[in-house]
Amino acid sequence: MTKVGAPEKLIVNGKRLDGRKFDELRELKVKAGIIPNADGSAEVTLGETKVVAAVYGPREVLPRHLSEPDRAYLNVIYTMISFSTSERVRPGPSRRSVEISKVIKDALAPAIFLEKYPKTKIDVYLEVTNANAGTRTAAINAASVALADAGIEMRDLVASVAAGKADGELLLDLFEPEDNFGEADMPFAMMPRTKEITLLQMDGELSKDEIMRLVEMNTKACEQIYEAQKAALKEKFATEKEAVQETIENSEGDKQ
Amino acid sequence: MEKLYANDRDVVVPGELLAEGMEYLPAGKAFRDGEKIHASTIGIVSIKGRVLKVIPLAGKYMPKKGDAIIGRITNIGHSGWTLDVNSPYNADMNIGEATQEYIDLARTDMSKYFDIGEYVIAEVIAISEAKFIKISAKHRPYRKLKGGNIIEVSPTKIPRIIGKQGSMINLLKDMSGCDVVVGQNGWVWIKGTPEKESLVAKAIKTIEKESHKKGLTDKIKQMLSEVSK
Amino acid sequence: MIQTLKPFMAALLAKQMREDGRGVFDYRPIEIEVNPIPRANGSARVKIGATEVLVGVKMDVAKPFPDTPDEGVLMVNAELSPLANPEFESGPPGPAAVELARVVDRGIRESHAIDVEKLCIVPKEKVWMIFVDIYPMNDDGNLLDAAALAAMIALKKAVIPKYDEKEGQVLHKELTKEKLPMKALPMLTTFGKINGSIFVDPTRREEKALDSRLSIATLEDGTVSAMQKGGFGTFTQKEIAELLELSAEKGKELRKFLK
């Protein structure tokens, strides 16, 4: 049964509707340090999907009851800007955005040394400014870079991408028509160093074998995304390299 | 198997592999995971013998014993004051650590010594496991900072603002005639005429932005030699 | 910060100086980006110094208000996300967000900037709704002027989506070649006042130190379409007369960004 508005075919002559190969990522752009007020920030563009991340913290915990004696409280809020979708979405949280905020928090927490910041709060604000599928994965990519930009101690960055199935084919990084009219979508995130998986969701119908093949596909793509995240951070801090001499010599605490 | 993956002065990201082998020792923002040593924040690698140190390039100020920091009084309690020190944690200054004078609470109000909103340059005398920070303004040069203007810079740039053996901060003070006190926590106090304060603030912001550029000292000298309007 | 900030700013202003070296009536450098958001019908990103605001326009078809049965409807909303300022809190729009949206709205509505009569499809039944949503990305003061400028650019560049009369549905993914019918170009200018000294385009630190502020929206011929005073301080009659002159002048400068 075809949904209303579904295109006839999602795969034409072995190519996807946007011309990509089955295991090809959309164009990825990562920029660190774009919001001066934030302690750390980043913008990630994946095809037409754009997400901005701002990190504030570690900072004082308010309301007090959220304070944890032995670790930082991680607060993640994912929102979609009202004009980021074809039909305007009402500002404010929705059940969908609350769930996505939670899975993103669970995707980032394993990578952060939360125990180094007891009784503090780390706020991660994620805003989707233009949506074309893969918003939660772009958000995780932006959040990791923003956390690193803030100088928060982490075991590793977190890279994220989704893969799924459309017209019977296994495809990497579904874009809107594939996400809306395909058979399954599997958002995924991992810490590249150890390949430990920190986000795994599935929507649709897949066999065990298909899932394992998609996990392989996602893992490889995450390694590529990690390189872009690293490059964005190194680019932002590149000018610091020449300041090194002074920093190292004075880092032992020169008194005035 | 002993192997070095990073070079001295490399910029590294969290999780980046620096070396493998138990002979290497992690320092600063580096940690060991099994045989491997990784960076835990964005930083610069400094290799001295077997010690792999990562100097952070970002991150909030975390107080260390002995640091001179500037704090702002936010609360007056029964036996001391609480201060915002531009850190995830607040600092406490006990009544006995505030001043050389004996404070007789029966005759006077604590706010007469330090009131909410006032600034202090103090020494970090202790940090407990639970991250309680104790500071003292009892001995010189620690004291209340009256008037003037407070600006904020990235704590990672403070060494550059102080300069080698204080060369930069002395330049700022001598050429402007202003009083300048630098807190390790990124707050800087400047006192002089409003125009001079504004000029010094501008110079400090320039140092913060261009700490990596050659000829910075000359540029600052030029900025400060501008006669005020 | 407040204890030392106000005396410092006041002392500088008394000598016609500001913390960032600007002239008292100079705006910070302004940068604009037109239509950065493909999903919006029109959008703009405006930077005034380090302040950055993103505004998007979305259109839909609905029943008109009973008292204006053949006019399109303008709705302006602002969300002060904690992303932009460490002091903003999550939650529904508070007084600051509501004031921001309503002041921007007033400048546009009262000047009849949008020709709302041309936005009627079926009188009493179907008209175009224009949603203007304001999202600050970085607050370094004067969100009002940045938001108002971004809103005008977004509206001027907005393209109307296709409307399927038979199905009674907007086809959001398909656009016509028609732009929104605009009749006027109001520009908003905000002034601050500290200890009697007046200046334009306050930074965040200046906002913390100011006694009062006055925002004025003007058209090309100097007609005023909105005014809003904020803060616990006051303004004299003489000051208001001066600012009405100045705001028209500043408005002309800002209007250049609409080309």
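Going in written order, the chains are labelled A, B and C, and every chain counts its residues from 1.
Note that in this section contacts are C-beta pairs under 8 Å (C-beta built on N, C-alpha and C of every residue); 3 or more make two chains touch, one makes a residue touch a chain.
Note that the coordinates shown come from a computational prediction; the quantities given were computed from them, not determined experimentally.
Q: Which category does the touching pattern between chains fall into here: line, ring, star, complete, or other?
A: Contact pattern: complete, every chain touching every other.
Q: So using the touch definition from the top, which pair is joined by more C-beta contacts, A-C or B-C?
A: A-C
Q: Quick one: subunit A and subunit C, Cα centre-to-centre, how many Å?
A: Each chain reduced to its C-alpha mean, subunit A and subunit C end up 31 Å apart.
Q: For subunit B versus subunit C, what separation do you get between their C-alpha means, in angstrom?
A: Measuring from centre to centre gives 39 Å for this pair.
Q: Show the residues in subunit A shared as contacts by 2 or more other chains, in ascending order.
A: 59
Q: Please output the residues of subunit A touching subunit C within their complex, sorted ascending.
A: 35-38, 48, 50, 52, 54, 56, 59, 77, 79, 81-88, 91-92, 123, 125, 127, 129-132
Q: Which residues of subunit A touch subunit B once you look at their complex with the stated criterion?
A: Touch list, subunit A to subunit B: 39-40, 57-60, 69, 111, 113, 117-120, 148-157, 191-193, 229-230, 233-234, 237-244, 246-251, 253-256.
Q: Please output the residues of subunit C touching subunit A within their complex, sorted ascending.
A: Subunit C residues touching subunit A: 36-41, 43, 50, 52, 54, 56-58, 60, 77, 79, 81-86, 90, 92-93, 131, 133, 135, 137-140, 172-173.
Q: Subunit C touches which residues of subunit B in the complex?
A: Interface residues on subunit B, with respect to subunit C: 72, 117-119, 147-150, 194-195, 197-198, 201-202, 229.
Q: State the interface residues of subunit B toward subunit A in the complex, per the touch definition above.
A: For this pair, the touching residues of subunit B are 9, 11, 13-17, 29, 31, 33, 38, 40-42, 44, 46, 55-60, 64, 66-68, 88-90, 130-131, 156, 159-160, 162-166, 169, 181-182, 184, 211-214.
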